Amino acid sequence: MIPIAIVGASGYTGLELLRLLSEHPLFQVVAITSRELIGKSLGEVYGFSGRYRDLRFEAPDVERLAGKVKGVFLCVPSGSAHEMARPLLEREVKVIDLSADFRFKNVKVYEATYKLTHQASDLLDIAVYGLAEIYAEEIKRASLVGNPGCYPTSVLLPLIPLIKEGLIEEEGIIVDSKSGTSGAGRKAENYYSFCEVNEDFKAYKVAGHRHTPEMEEKLSHFSGREIKVVFTPHLLPINRGILSTIYVRFRRPLREVHAFLESFYRERPFVEVLPLGTYPRLSEVRGTNMCKFALFEDKERNQGIIISVLDNLVKGASGQAIQNMNLMFGLPEDLGLPKSPLFV
Amino acid sequence: MIPIAIVGASGYTGLELLRLLSEHPLFQVVAITSRELIGKSLGEVYGFSGRYRDLRFEAPDVERLAGKVKGVFLCVPSGSAHEMARPLLEREVKVIDLSADFRFKNVKVYEATYKLTHQASDLLDIAVYGLAEIYAEEIKRASLVGNPGCYPTSVLLPLIPLIKEGLIEEEGIIVDSKSGTSGAGRKAENYYSFCEVNEDFKAYKVAGHRHTPEMEEKLSHFSGREIKVVFTPHLLPINRGILSTIYVRFRRPLREVHAFLESFYRERPFVEVLPLGTYPRLSEVRGTNMCKFALFEDKERNQGIIISVLDNLVKGASGQAIQNMNLMFGLPEDLGLPKSPLFV
Amino acid sequence: MIPIAIVGASGYTGLELLRLLSEHPLFQVVAITSRELIGKSLGEVYGFSGRYRDLRFEAPDVERLAGKVKGVFLCVPSGSAHEMARPLLEREVKVIDLSADFRFKNVKVYEATYKLTHQASDLLDIAVYGLAEIYAEEIKRASLVGNPGCYPTSVLLPLIPLIKEGLIEEEGIIVDSKSGTSGAGRKAENYYSFCEVNEDFKAYKVAGHRHTPEMEEKLSHFSGREIKVVFTPHLLPINRGILSTIYVRFRRPLREVHAFLESFYRERPFVEVLPLGTYPRLSEVRGTNMCKFALFEDKERNQGIIISVLDNLVKGASGQAIQNMNLMFGLPEDLGLPKSPLFV
Amino acid sequence: MIPIAIVGASGYTGLELLRLLSEHPLFQVVAITSRELIGKSLGEVYGFSGRYRDLRFEAPDVERLAGKVKGVFLCVPSGSAHEMARPLLEREVKVIDLSADFRFKNVKVYEATYKLTHQASDLLDIAVYGLAEIYAEEIKRASLVGNPGCYPTSVLLPLIPLIKEGLIEEEGIIVDSKSGTSGAGRKAENYYSFCEVNEDFKAYKVAGHRHTPEMEEKLSHFSGREIKVVFTPHLLPINRGILSTIYVRFRRPLREVHAFLESFYRERPFVEVLPLGTYPRLSEVRGTNMCKFALFEDKERNQGIIISVLDNLVKGASGQAIQNMNLMFGLPEDLGLPKSPLFV
């Protein structure tokens, strides 16, 4: 077994890592940290049963962790992870950071977006962007992975191959995304209270969400020219799931674009390009590490429409992180990760 | 128009009073208070349109309010209302308190239950329990009304007439209630966050909820002997509504009990005893001031089962408060109060 | 009182008309029809209380209705209404059709869209499109009104004034809409079953929804040139509400566009243009006849974004129908229509 | 691998079996049947990915199945399974029936409850009731298992040990249960449509649910005297989960009863008796095969209250069925079954 720690395990991505790793045959979580819950067990606080029920939260002492694990998942807020990575890397612990701290190549974009000074910007050179379907080879050799944002995952998986291949126009990309409320994290605020989310629906951070520069940096990289993305996130009254409706212009006939994308992802276990005419829905990916998308065209209006779905806590966060950790340890990327959904 | 104030208007019962009073032909809300929102309008903070959109929150200065209104709804926490009532009453302002401060006749029970010392226990003598269907005559003459709890309303409306008439056993009453989350008030806590209420269901305060002594005091009063009620509340992942499943033993055949109850409430606009064999559901009372109940019998097991539904924010709080205010001002009790549900 | 009938009253728009008309001071519903529920009362079948509880469904005999009412709401499927209107109009009954049968000026577009032959296409000349904020004067004089679709209402209210005034580009309009499930009507299908909508989210009829030609005809009319709209509807796991995210290009600075729209709607009771920087949400319009919208701009990407919300059963259907009926009978357009929301 | 078939795989219990068996290391589903979906794949119809994505539905030909599998899960309606079991058993295929057909020992009770004539009542003698925690030894030797009902599982797991040990009174047991909507199966009916379940809550089949005799037969068996249970089921607006609030009278002090139950289940992987003072909730068992319960006492009112939770599709149906199949094939009972919940 490979010993693993989760730093910041009391939030939704930490708990989802624990759920998923309960079924993993080779990773063994030996430490979980939380400043508030020191000494308490997963069973007591979150009602976990099974493999990790009696695991107790400890203080986030990175040095100590480095002595007992071979891999660490950092589930701390953006701005807290950059200082934790170095001591772990120095002791040859592989690190996957679920915050934004190691997602960007351009530190200025990161600092402008997150309004922070990066304390370990030299590490950005060795950090690999953990979009496993695109960067698998780099991830296998990486010691530090910046796990992608949930929205960018849903957008980049369909768009990167199309941009690389020149199959869509670089201009005029609009992404209209809808996310389940767990995407906001575990927050004790009226805005996220049951009565004020349930039966409601709202957009937020229009023209200002932090995931926009992340998408743009990656797309621009593969395009060779600067790409801009209009991005509008919305809050869905459900727990899990992201559906992104992506407006693009195809440069080739729909069937051709579809055939290319299908063949691009044919061998990848976690991406499915749906047959033309089929609609993806969140229930088909619930609880799984799948990302699925479908392509549509409004010919009369010359508009391509791509609809992409994933479970924000799995493929959009913890599942993709495990996929990356699998790759970093030379394991099959789908080891221990679910593909069959909770249909209801 | 009769000028009215709402003290503590920023919570769910305050907002529901404002929604309902938007349609009231004679009460005019001229002041709303909130310590946190002073100077802000209902439109700004809560997106209200219509009649009260531009009404602004002010500080809760009871003396000043007394000079400009004829009636006040107190929507403050239990323990805050008892001190506010007196100055209002002294200036001949009619007061309806939506907290528990004026619901009890026995101050010791109140103090033990709410772990508070009552600062105006002399007023308990003149306070009337605002269960409008039972105390209409007293309410008409009252200057101070203690508006009933949401759970007790759903339980006392069916049980009081049956207890008075001796149609059920006094022993062994069990109330299993389920309430929408708005019943907990506006709370910024993880326990009430969307992700942790949605798709979940849980009991709380088993054998220790504060509404138990309220039910018991009223039932005992009408029985003449001490009545005990086992009460188990549960939290429903919906915004509004209470359904109480009440286990009793009938002393007379079901049809007879049903006929009595039906005739008891025949003339009352807000109570409906459903035909035998019919099930009540929350959607039938959503947004209305109705309380409906149905009677069942498991003959083989000698068990009577009464199922009662109401909208906890309307008949369980703000609607019943307006019904009481109508009575206190000599108006028809159903003036301005909705009876037709939002079926979906 | 003005006697009114509702034809096809057993669906969600019919029931919502009945809820709203329960509070109307001048319209009196005297007949409701449903082929399946003949003889049954609203109280029995839908648990209604109050004013219309004992009203019984009758067969949809238009001739007979014409003898006893002055206005009729047709809540039948598209394709059933065109044949019902004429006999009513001949007997001087005012007709509001909630289906699509009288929404189009160009019968060919209607027939191509709905795959039907219009049996009363001559009436299209006298039918007025019931978008009350735009066509109030025509509606006042009309005997036949085609009540707008729910999605078009949310889109046309913000766009028509901007198109008329030339403040947005005619090209490249994209509408990404999300609707509560009641918008699909009352349907006994697995696709709309609780377990398969709850916690799910999905797009449908991409590049092929029937409301697209309706929007395009109206926008083109006000533009003077043909306007195309890319429209993508999605199904929200909530009962009520439409939020449309509309992507346009402003021709003038945001503040100017905003000021124009605000002044355009200043006197209209049911439209609110929110202050810049404010987000609309469905809870603010729940149960009301309001439509609210907010304007945003992504300057760096030269994109205008308009977010529009309404309650699909009220302003998107039954409320707007009553607003139209008010106008047709010379009443204030907001008579009996709610503006204050069920905040929770 | 052990080849397995699922008969009637297109409903919720069938799909849940497929989800769970996707992770099972030894059972291989080689056939799924559905009369309506012959020739269609799980991927096409239900959006499954992973192990069983390309598995296609076939006609339910029991003879043919018997030739290729060693175990069969029957997910057909009660009344359809009794005729399918015999040909399978004759060919030495192990059978787990998820309907009620093999749950009862007394065929008359079955026939009266289900209003059917049992076509294979002789098999009731060899059928074992699949409550794995109670009948593990019998199940290991069984060829035919009647998988328990979802409600009975939640009630019998806490009550059977208490009844056997004489720790509760046999009289006056009341069970107030609340179930997620998937418990009703996949049904295209208005009663189960999204808009009419969402934000609603209702009791159903009061004093007449088919699971009452199932509970009573099992409890009576362990008591030695006839036990009656008052049972009231309710429909929760969530997909999954059952919470049963069980009212009993303890014969011994709470701590003693609790200690007994805890020790009774200490070694069982899927039952957890919570520490005193702790509340169970549905989110803690979501997606898992766990059943958890907590004991409370209202001392003043001499009432014991047991609250029991499980996921109706897992421990209440498909998970328990796999647990039984594990036992029948001599495998560890928890092989391939999840214990860690989807916390959100």
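Letters are used for the chains, namely A, B, C and D, taken in the order the chains are written, and counting of residues starts over at 1 for each.
The working rule: contacts are C-beta pairs under 8 Å (C-beta built on N, C-alpha and C of every residue); 3 or more make two chains touch, one makes a residue touch a chain.
Treat the numbers as computed from the prediction; the structure is a model and nothing was measured.
Student: Please identify the chain with the largest separation between its CA centroid and the CA centroid of chain D.
Tutor: Computed centres place C farthest from chain D.
Student: Contact counts by the stated rule: is the higher one at C-D or B-C?
Tutor: Per the contact counts, B-C leads.
Student: How many angstrom lie between the centres of chain B and chain D, each centre taken as the mean Cα position?
Tutor: The computed centroid separation for chain B versus chain D comes out at 39 Å.
Student: I'd like the Å distance between the centres of chain C and chain D, where a centre is the mean of that chain's Cα atoms.
Tutor: Their C-alpha centroids are separated by 46 Å.
Student: Express in whole angstrom the distance between the two chain centres, defined as the mean CA positions of chain B and chain C.
Tutor: 36
Student: Residues touching two or more other chains, restricted to chain C: which are they?
Tutor: Each of 12, 182, 195-196, 198-199, 237-240, 280-281, 283, 344 in chain C touches at least two other chains.
Student: In their shared complex, at which residues does chain B touch chain D?
Tutor: 172, 174, 176, 178, 195-196, 198-204, 206-207, 228-230, 232, 234, 236-241, 243, 245, 247, 279-283, 286, 296-301, 303, 305, 307, 344
Student: Tell me, which parts of chain C touch chain D in their complex?
Tutor: Counting only chain C, the residues touching chain D are 12, 181-182, 186-190, 192-199, 237-239.
Student: Which residues of chain C touch chain B once you look at their complex with the stated criterion?
Tutor: Residues 12, 15-16, 18-19, 22-23, 46-53, 182, 199, 239-240, 272, 280-281, 283-285, 287-288, 290, 292, 313, 338-344.
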